[in-house]
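Shared between the two complexes below is subunit A, which has subunit B as its partner in the first and subunit C in the second.
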Partner chain A sequence: MSPRRLRAIFIKELHHITRDGRSLAMALLMPVMMLLLYGYALSLDVDHVPTLIYDQDQTSASRDLIRQFTGSRFFDVQGYVDNYRAIERAIDRNRIIMAVVIPRDYSRHLDLGERANVQILIDGSDSNTASIVQGYAETVVRGYSIQLRSDILNRRGGERLTPPIDARLRVWYNSSLESKNYVVPGLIAVILQIIAALLTSLTIAREWEMGTMEQLLSTPLRPVEIVLGKMMAYFVVGLADAAVALAVGLLVFQVPFRGSPTLMVVSVCLFLFGSLFWGIFVSASARTQLQAYQMGVLSSFLPAFLLSGFVYSIDTMPRVIQVITRIVPARYIVTIMKGVFLKGVGWRVLWLELIFLILYAAIVFLLATRKMKQKLA
Partner chain B sequence: MWERIRVIIRKELIQALREPRMRTLLFLPPMVQLIVFGFAVNLDVDHVRIAWMDMDHTPLSRELRASFEGSGRFDVVAQPANEQEAADALDRSVAQAVVRVLPRFERDVHRGRPTEVQVLVDGTNSNTASLVSQYAGQVVANFSNSVMPLRQNVRVLTRSPGGPPNTGAPEVVPRTRVWFNPDLHSRNYFVPGVVANIIFIVTVMLTALAIVREKEIGTMEQLMVTPVRPIELILGKTLPFAVVGLVDVALVTSVALLIFRVPFRGSPLLLFFCAIVFLMTSLGAGLFLSTISHTQQQAMMMNFFFTTPAFMLSGFAFPIRNMPVAIQWLTWLNPMRYFIEIVRGVFLKGAGVAVLWPQIAALAIYGVLILLLSALRFHKSLD
Partner chain C sequence: MPREKVEQAVSPASSFAVEIHDLVKTFGVFVAVDHVSLQVAKGEIFGFLGPNGAGKSTTIRMLCGLLTPASGAASVNGFDVATQPEEIRRSIGYMSQKFSLYDDLTVEENIDFFTGIYGVPQRLRAGRKTYVLEMAGLTERRRAATRELSGGWKQRLALGCAILHDPPVLFLDEPTSGVDPIARGQFWSLIHDLSRTGHTIFVSTHYMDEAEYCHRLALMYRGKVIALGTPQALKAGLTSHTLLQLDSDQPLETMRALEAVAGVLDVAVFGSGLHVTVDDPGAAMARIRQALGAHSIAIRRLERIDPSMEDVFVAMIETEERRAA
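Right, the complex of A and B next:
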């Protein structure tokens, strides 16, 4: 391998990148736009659940229960209805997610000191939202029930009755439970992966399609030099993207950064190496740019988005797919990103992830070089 | 005219299906997406890994642990002996929460003194964290309720002599019913959305590239000297991909029904009709892309620019209701949003035209507009 030839191909590729202004602008602007748009938009948090109330009882007791819902910021009571049809219609049209139905005999049961039912109807089509809503609603009713009980007992007994055991919840790392704090670090990793794949997946396929590969072949260039030289050029762009994305994450989204900057830089570089080599490998295996693009996006965007633990936690996946996620490099960078940003953990905790990233980069580099050799032979 | 359109369609189909690799690329991505969304993507939280830090070591604290484990939602994976180990379990993500039972827990409960159980939750993933907090709160509340009667009885008996124990204690019980997806399977929510997603991704891309490729290689000039008219060219270029898109819809729907057992409560005919309306928008978008790009690379980049936001802001994976209001307004411009609503309505809710007409109308207006505009632009770019 000659440094001079390596430099030559590096510079040639840089020219390629800077010459096509529109593509370069897109490569640099896209991460910022994606981060800004998705950082704000993507959230699975549930609050202000649109709710309808159907009060068949119409007593002060039922109104007292309703106040528990209107007073909570989790529920947004949209109105009152007087039949089930109206509830059905509203759920069908996606206007509400939940309805509370208080049966006719509600206050009578309470007055007799019996058990009274409250019906809660939930639109289950979005299962995640539905199960959170279910939890909120049941907590509200149970809490109200305990309060009601102790009020009545107190009136009779005179002494304040409090529940004996209280759960004291404390949330670490992201104490305000803001979804941006967990979406943004993972999103940066996913965006880098996509950009790396988009940038490189076309680079060799294009040379084949344009016929410039034959010209490269007639030079003394060796496959290693082509792969490395091309990678280095796109690495410059990728690094610029990473810097911009991190800056947006810190300055615009104000995501807390608790870990070591060095660790962050090292792991981002390692990750970029791996993803860029992968793009080159894909590009070398494809025959046309369309194929290269499709394979590049399919093999990087989908796994990075779905199998990295970026939003969908890996714990809940079936075993087989959990094993598959082990070969997705994005999984490791997402873990590192979240660890360094939110948890402030260091090398001691994340060394295994780093080793995986190194291994991945090395293996894909070998694959890409071998593919190039095959193609050139 | 129809003869010429047929010739172009044949040429396009041959070009698209000539290579085996191309053939797989047309049908593999839909399948991969379907499998991943069907099996992997799961927002349900169960088997939460907790670290159990018992500083009391009494029968009552062990009982509490049993009720955590017995709830079916928690698995105790570690028993840290001290603060440091507990923090480490969270740092390494070994546990998603630490439950800490303080010393004197049992004594306090028996003496009727209020006591607390501390729960530390890893908040990195705010969605999981809020579910975990809720579950833990519920387990503790139930446990608290179960130890309360003992003390209440004592008190009721002593404070109100003559009254029978435990009467006059009313209770309100929530009875929850979940509609459309009673088992709360994430799969039922995601898989129908894949239908929309796939049509969009496949058709926009293929249409755009089919045209830009001709420009790039220079065969567009050859086409222009033939008697083919622009409208024939447009139809010939888009119809084959409409067919591919519809085949994908049929494929995905049958896999969804047969393998994933997603309920299908509405009318298949309505779904098919809406798919065609939706195809107009995606083919129109493809045409439009082809008019603003000169090379395949630009077309792909642009395509990525269009389809990713369309996907992310469609409500497919992230509820639109959670987005900032400004972005919610933006989603009204996204054709995919309407189609996702239609698909989910037809699959899960069995909704018909009476409910879905606003979405269908929006899509139709959208489709005609985009298609017309792009066709006009395309027409110009030929001259």
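Right, the complex of A and C next:
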């Protein structure tokens, strides 16, 4: 390998990049747009659940229960109805997600010291939201129920009783449970993967289509120099993209950064190497620029988006899919990004992920070089 | 121009710049190059003539190491095409049929790029660049985007980029296609300059008039070399026949009338007149005048002419077709 030839390719590619102002602007603005779009749209937070109340009992006891819901930030009581049809209509029209129905004999059962029932109706069409809402409702009702029981016991026994076990939940790393903190670090990784594929997927296919590749192959230039030189040029753009994406994440979304900046720079570089080599490999495999573009976007966007665990938790995927995610490089960078951003964990925890990123980059580099050699023959 | 050699592999002693023995290339069942053998001496301008699809480009690509031959052997500059592609690439310049510089780069950036990939040493770079810019007449426009150049400039720049490393052998694949006649003339004078400084030039073309500029020619037709020699020798090969130029007012009627004339071997439309091939010019000319007079066709011109390369080529192809039939 000759450094002189490598440098020639590198500079030539930089000229291509800077000459094509529109593509360059797109490459640099796209991470900002994607982050803003996905960062805000992909909110997984469930609060202010629109709720209707159907109070058949109409007693002070039932109103006391209703206050538990109106007083919570998780529920937003939209109004009171006096029949099931109204609830059904409201759910059908997506005006509410939940309804609380307090039966006629609610206070009577309570007064008799019997078990009183409350009906919670939830729109299950979005199962994820539904199960979260269900959790909130159960928590509210159970808490209220314990409070009622201890009140009764206190009244009977005359002494203060407290519930035997008081579970105090504390959420670590993302204490406010804000989904942006969870989404944005992973999103940065996914965006880098897509940008890398977009940048490189045309680079070899274009040279074949234009006929310039034939010229290159008649010179002493070697496939390894073409692949490396091109990668280095697009790496510069990739790094700029990473910087832009990080800036948006930290400044606009105010995502906490707790870990080592060095660790993050190293892993972003390793990830970019692999992703850029992948784009070059795809470009060398395709016959036309269009084909290269489609293959590049599909093969990087889909796995990065669905199988990286950046939103969709890998633990809940079917076993087969879980195994497949192990060969998706985005999975490892997402783990690293979340670890570095939110948990502040270091090399000792993330070394395996780093090794995978190194391996991936090396393997894809070899594949891309080999593909170039095959085309050559 | 600086004559220092640039990072070139030392070539084994061979009197020929290009040697081809029984070279074959097939694409599926199609035989693109069919047992071609020829030699090109050092410093020669060797022309590769033939219609499109004759196998010229395929042969050149095999010589440049861009395609692998199906069978046969070839060497360039003493290096074997099959086993020493790296050495070959260092010692050749190649200009492909399609313009293959980077349109979005400037003239200078293209030159710098090829200087880099050909590994021209630092101390020679400035000199080579100046030489190529001057040769192509682009010194003034060195900072212009390549896409803004006209066909003739582009072609001279492409030639310049192919000789930055001063290669002993140059392969030019239809370098003048799509370029205006004046630019073609300038281009051929550049090729002659290169030949005078010891470069071997292997050039393909389908312009018959350009054949006259070559030292030696191979006529290629349907994958085969059907004739090989100097332009003079190839024309002399047609001495068994004589070519007559015949201009008349009614070329179509003339052609029909000539069909019945004994001693007329072939009639071909050539520009506004006809080229008539005959075996015995004296007798044939008399018979032609007689026949055309009978048809009351006025003859504006009837005389012996020297065959052009195109006549040679047409005759060769006809012989070849007759043999195949």
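Please note the rule applied: the second predicted complex is superposed on the first by the 377 of 377 C-alpha atoms of A that agree within 3 Å, B and C clash if a C-alpha of one lies under 4 Å from a C-alpha of the other, contacts with A are read in each partner's own complex, and residues count from 1 in each chain.
Criterion: a residue touches a chain if its C-beta (ideal position, glycine included) is under 8 Å from a C-beta of that chain, and two chains touch if they have at least 3 such contacts.
The structure displayed is predicted, hence computed values, not measured ones.
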Between subunit B and subunit C, more extensive residue contact with subunit A: B
Partner chain(s) touched by A:3 [first = subunit B, second = subunit C, both, neither]: neither
Partner chain in contact with A:211 - subunit B first, subunit C second, else both or neither: second
Touched partner set for A:20, first subunit B, second subunit C, both or neither: both
First (subunit B), second (subunit C), both or neither touched by A:91: first
Which of subunit B and subunit C A:221 touches, first, second, both or neither: second
Set of subunit A residues, in rising order, touched by both subunit B and subunit C: 20
Partner subunit A, residues of subunit B touching it in the complex: 19, 21-22, 25, 28-29, 32-33, 36-37, 39-47, 49, 90-93, 96, 109, 112, 114-131, 133-138, 140-141, 143-145, 147-148, 151-152, 155-156, 159-160, 163, 167-182, 184-186, 188-189, 205, 209, 213, 295-298, 300-302, 304-305, 308-309, 312-313, 317-319, 321-324, 327, 341, 344-345, 348-349, 351, 355
Residues of subunit C touching subunit A in the complex: 61, 64-66, 68, 86, 89-90, 92, 94, 96, 98-105, 109, 112-119, 171
Residues on subunit A engaged by subunit C in the complex (per definition of touch): 2, 4-5, 7-9, 11-12, 15-16, 19-20, 210-212, 214-221, 376-377
Footprint of subunit B on subunit A - complex, ascending: 20, 22-23, 26-27, 30, 34, 37-38, 40-46, 48, 50, 65, 91-94, 109-132, 134-139, 141-146, 148-149, 152-153, 156-159, 161-175, 177-179, 181-182, 194, 198, 202, 206, 286-287, 289-291, 293-295, 297-298, 302, 306-307, 311-313, 315-318, 321, 335, 338-339, 342-343, 345, 349
